[in-house]
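Shared between the two complexes below is subunit A, which has subunit B as its partner in the first and subunit C in the second.
And now, the complex of A and B:
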């Protein structure tokens, strides 16, 4: 498969990330691979503990160490392997080329710095501007995310959760990044303001034509915004494809179970079907398919091997034995 | 803010009255008769004792003597006159207190600098060899009683090596050992405090945010982490300083330094109550000011505290306005 196509914008190959704790090795991310085109929005969905945040932190090489460690893999941004970069080179990428909006806005701002300074800090790090110019740009950024510029000198504790997240969004977008990672940016917020904050982020993303890796629980948001979808389970991508492929032509039993567990206004289903059982303990994953224990379509063979990802057509990848025979292995 | 400082200064009045009353009461119930000691101890005749008691007005009722004391304090600024020497306590304190303050200040400054520096190193190199060494010594420093470490140092540096004098206060060389003793025990506790506070802060989300901005590690530590980590450390140092002033007794006795600690212990032995009384008041006053200083420093670092102080002021204003019939327009 080594055609000399133009280099992909982002290419993650066989990424493996472990947390080496006193109670054993947590296999948080297991050999995942995916690609992104410039301008594309890729959604990463999955239950809690699936390894979504860890994957995102891996892209920034910010997995907390110790205990976390990137064991193996390549992360190619415009063909350059981020994992081979020096700390100094990586610092140039963080905050300017790849930025991230974190899960919990309550804790992701420094409590003793003004929000304005926290925005202008990133501007000054990546642009040759004076302090005053950076402050002006930071004010502009505040206005863009819907906060009056007068609040430049206020501290995080003077803001509501939604406004804090807007500040975090301003920090993430201040340097016009190529890739924006948003890690469930609204899951810690009130339902009423979730939509507003998402909308702000979305508008800016479109304006700046930023590519986005969106981590979310909310399949509704996925349906509205994504080009491609990757479904994660126990540190693996079990299904990957375009929004249409994954939503309309769902293949993996886990993805199917996810949809069945959600209310759908179009189908008049009387009862929602929760996924039985628990996600497997990532510190002792089975050596066969990790969804086996909860799978409704499991077969004898499933307990014998760990299936490979299979292309079931037009780049729609499924990691399940049910489809192993359909096409040749992806790898 | 000014309002807050004013309020705190006004709070000093009840505090000092309380201290005064307590010190007076303690002297009252303490065993022993100052008159008997002044008259010559065992050999004194009852007439002589009675005469001295009358001179010192010791037979007056408690409330009368206390009232007299307060009157003299308020009208003449007189904190007492020594039974033994008939000299004003204030003069003697003014003469002796600088020695104690000097010792405490030198030790505290050195201990803070060394303690904070080692604490940071220990935290950012957690579990490394150097961290283990620092942790071991700081534990030792915290556990060692000062009288013991004083004796050890005297034995080693004064008696065996003959490098430093073991007592007195005339040259800077005399200050080395006492300051080293106080300084190490204080530094040890600051190291431990800084280390744990730093470790706590480094795990915070906003440190990850700072890294995600592409900030260099040195600035992440010095600007974002350290400032936050110092908040509890500053409080700790302030508290220590108070303990240090009171606890100077032991060091001053061992190293024969004529400071306020020595003054108080001698006075207690002689039942020279006005001296105890006056010195304790001076110490209480210093402690109050140190505490105020710490609280202001605290506010200078932490904007959340700052706005709390400001709100205290505002609440008062609001109450006042609400008390007026047309006070509704208060914002």
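And now, the complex of A and C:
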């Protein structure tokens, strides 16, 4: 597509994040790796508790510590390892290079500061501009997300949920970041507002050529917005590929089950097919495939080893023994 | 900068215009300009008669403390041996004392010392306590344990005893009195600030502030402390009453402000000997101590309600 300006700019290698609590170690993120190209959107999909948010916080080095700890791995942004940076260097990266939109717009704005001041705060943190210039830029930013600039001096409680999320987007994009992490940006909003907010994000992302890591459990949102998709289960990426590969050529039994549990407008079914059971307890993960207990296609061998990710063609990675056999010679 | 107009946004804007039009038709005089937070709190405050009363008395006392020379008929140390122990009359509305000094003038000048010491003691206690409390809450863990255990130790000493000990070590003058009172009360401020910040720092906007690259100091001073202001202001006003009382108490036992300076507690102490025959020597200073604390408490109560947005009508 955009091959000429495409460069690998984010690379996550073998990231492991644990929460060390009194009741044992919670293995939130286990050895995940992925790459992102500039301008591209990657979706992280998975159930609640699959480690999506922890991964995102890991990218910003904001995993709450204690109890959280990044055990191992590398996060390379333009070739520089973010995990090796000093807290001060990392502070400069946050907001200007990588930034994050949080799930709930109701609580992610400071209730006693005007929205305009909150936008100009991030501008003034990362650029040497005067107060007036920052205010001007903040007004432009408000207009960009579809809020009249006259509302610069209003407080968050005077905005509706959708408007607040627009303000949050304005704050996130005010410094023209390279990577925007959005952690379920629309789950706290109702459906019509969701569409509007996603639309705004999508437009701005295209205009500013921002790369986006989209965290969601809404496969509809994924289908509309992403270039690539990573399906997470119990802290691991079980399937990774382009939108087309994952949606049309679904390989992993878990991804398959996710699609089966969605209502389809073209089919007349009485009941949806849920995935039986619950996600495994992340503080005592099995040493074999973590999806084994809920898998419909499980085999004897599955209980013996934890499968490795295999490339089933064109960068489509699947972490399942069903496909390991095809490529066992290759491994 | 190009304005984006997707169908969704356009629809949204049209809707908004419609809303505004309807709104305007319904009530043309409605002020659509947003009301700043402090103005809203102010309105809530003056709607309460008791709080307003407290505030008026308090402001009157503050004016007395600031400009006593404008109101007082005489200086606080004008001795007139021709009229000792005059009962309240038209010329000396609160009578005169054993040296012929006008009690009313002395009470007016006394406001400066009593309220001044109280005020600076609270500010000082708030600075130490606030800093310790926010560090303890923000960093948690070991810093929290060390600071809080230290505060527990300070709290376990009766505050008036602590203040007595400090003034006797440092010597008796106004500055030392202020220091003694603030040291004996700062743990309360530290606890209030810590509790307020602990509840706020878990909110998502703090994490969001981190995600845009704000430093720890910036988060504490710009995002946490302003949001914790309501309980801090309330504790400060209530604490002001306590500080005025401590100041009077220490002066009464001779460890505070020394005669001839007319601190209210000092005046009580000096008038104590004559209480049987000349009641006005103790009643009026005592009444002003009471009035000051009463007004501050009313005002503080009103402030707590006014600053609590949940009580918004």
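Simple rule for what comes next: the second predicted complex is superposed on the first by the 314 of 331 C-alpha atoms of A that agree within 3 Å, B and C clash if a C-alpha of one lies under 4 Å from a C-alpha of the other, contacts with A are read in each partner's own complex, and residues count from 1 in each chain.
In the analysis below, a residue touches a chain if its C-beta (ideal position, glycine included) is under 8 Å from a C-beta of that chain, and two chains touch if they have at least 3 such contacts.
Because the structure is a prediction, the values reported are computed rather than measured.
Novice: Would you mind checking whether subunit B and subunit C clash or fit side by side on subunit A after the superposition?
Specialist: clash
Novice: Quick check on the superposed pair: does A:319 touch subunit B, subunit C, both, or neither? Answer first, second, both or neither.
Specialist: Neither partner.
Novice: Between subunit B and subunit C, pick out the one touching the greater number of residues of subunit A.
Specialist: After superposing on chain A, more of subunit A is contacted by C.
Novice: For A:205, using the defined touch cut-off, is the partner it touches subunit B, subunit C, both, or neither? Pick first, second, both or neither.
Specialist: A:205: touches no partner chain.
Novice: A:298 in the overlay: touching subunit B, subunit C, both, or neither? Say first, second, both or neither.
Specialist: Neither partner.
Novice: In the overlaid three-chain picture, which partner chain does A:60 touch, first (subunit B) or second (subunit C), both, or neither?
Specialist: both
Novice: Just checking: does A:140 make contact with subunit B only, subunit C only, both, or neither of them? Give me first, second, both or neither.
Specialist: After superposing on A, A:140 lies in contact with subunit C but is clear of subunit B.
Novice: Answer with first, second, both or neither: which of subunit B and subunit C does A:155 touch in the superposed model?
Specialist: both
Novice: Which subunit A residues contact subunit B in one complex and subunit C in the other?
Specialist: Dual-contact residues (subunit A): 60, 62, 91-96, 99-100, 102, 104, 107-113, 121-122, 125-126, 155, 157-158, 168, 171.
Novice: Mind listing the subunit A positions that touch subunit C in their complex?
Specialist: Residue positions touching the partner: 60, 62, 66, 91-96, 99-100, 102-104, 107-113, 121-122, 125-126, 140, 143-144, 146, 153-155, 157-158, 168, 171-172, 175, 195-196, 199-200, 203-204, 207.
Novice: Along subunit A, where are the residues that touch subunit B in the complex?
Specialist: Spelled out, the residues of subunit A in touch with subunit B are 57, 60, 62, 64, 87-88, 91-96, 99-100, 102, 104, 107-114, 121-122, 125-126, 155, 157-158, 168, 171.
Novice: For subunit B, which residues count as touching subunit A in their complex?
Specialist: 203-206, 208-217, 224, 227-228, 301-304, 307
Novice: Going by the contact rule at the top, pick out the subunit C residues touching subunit A in the complex.
Specialist: Residues 1-4, 6, 8-9, 12-13, 34, 37, 141, 203-205, 207-215, 218, 222-223, 226-227, 309 of subunit C touch subunit A in their complex.
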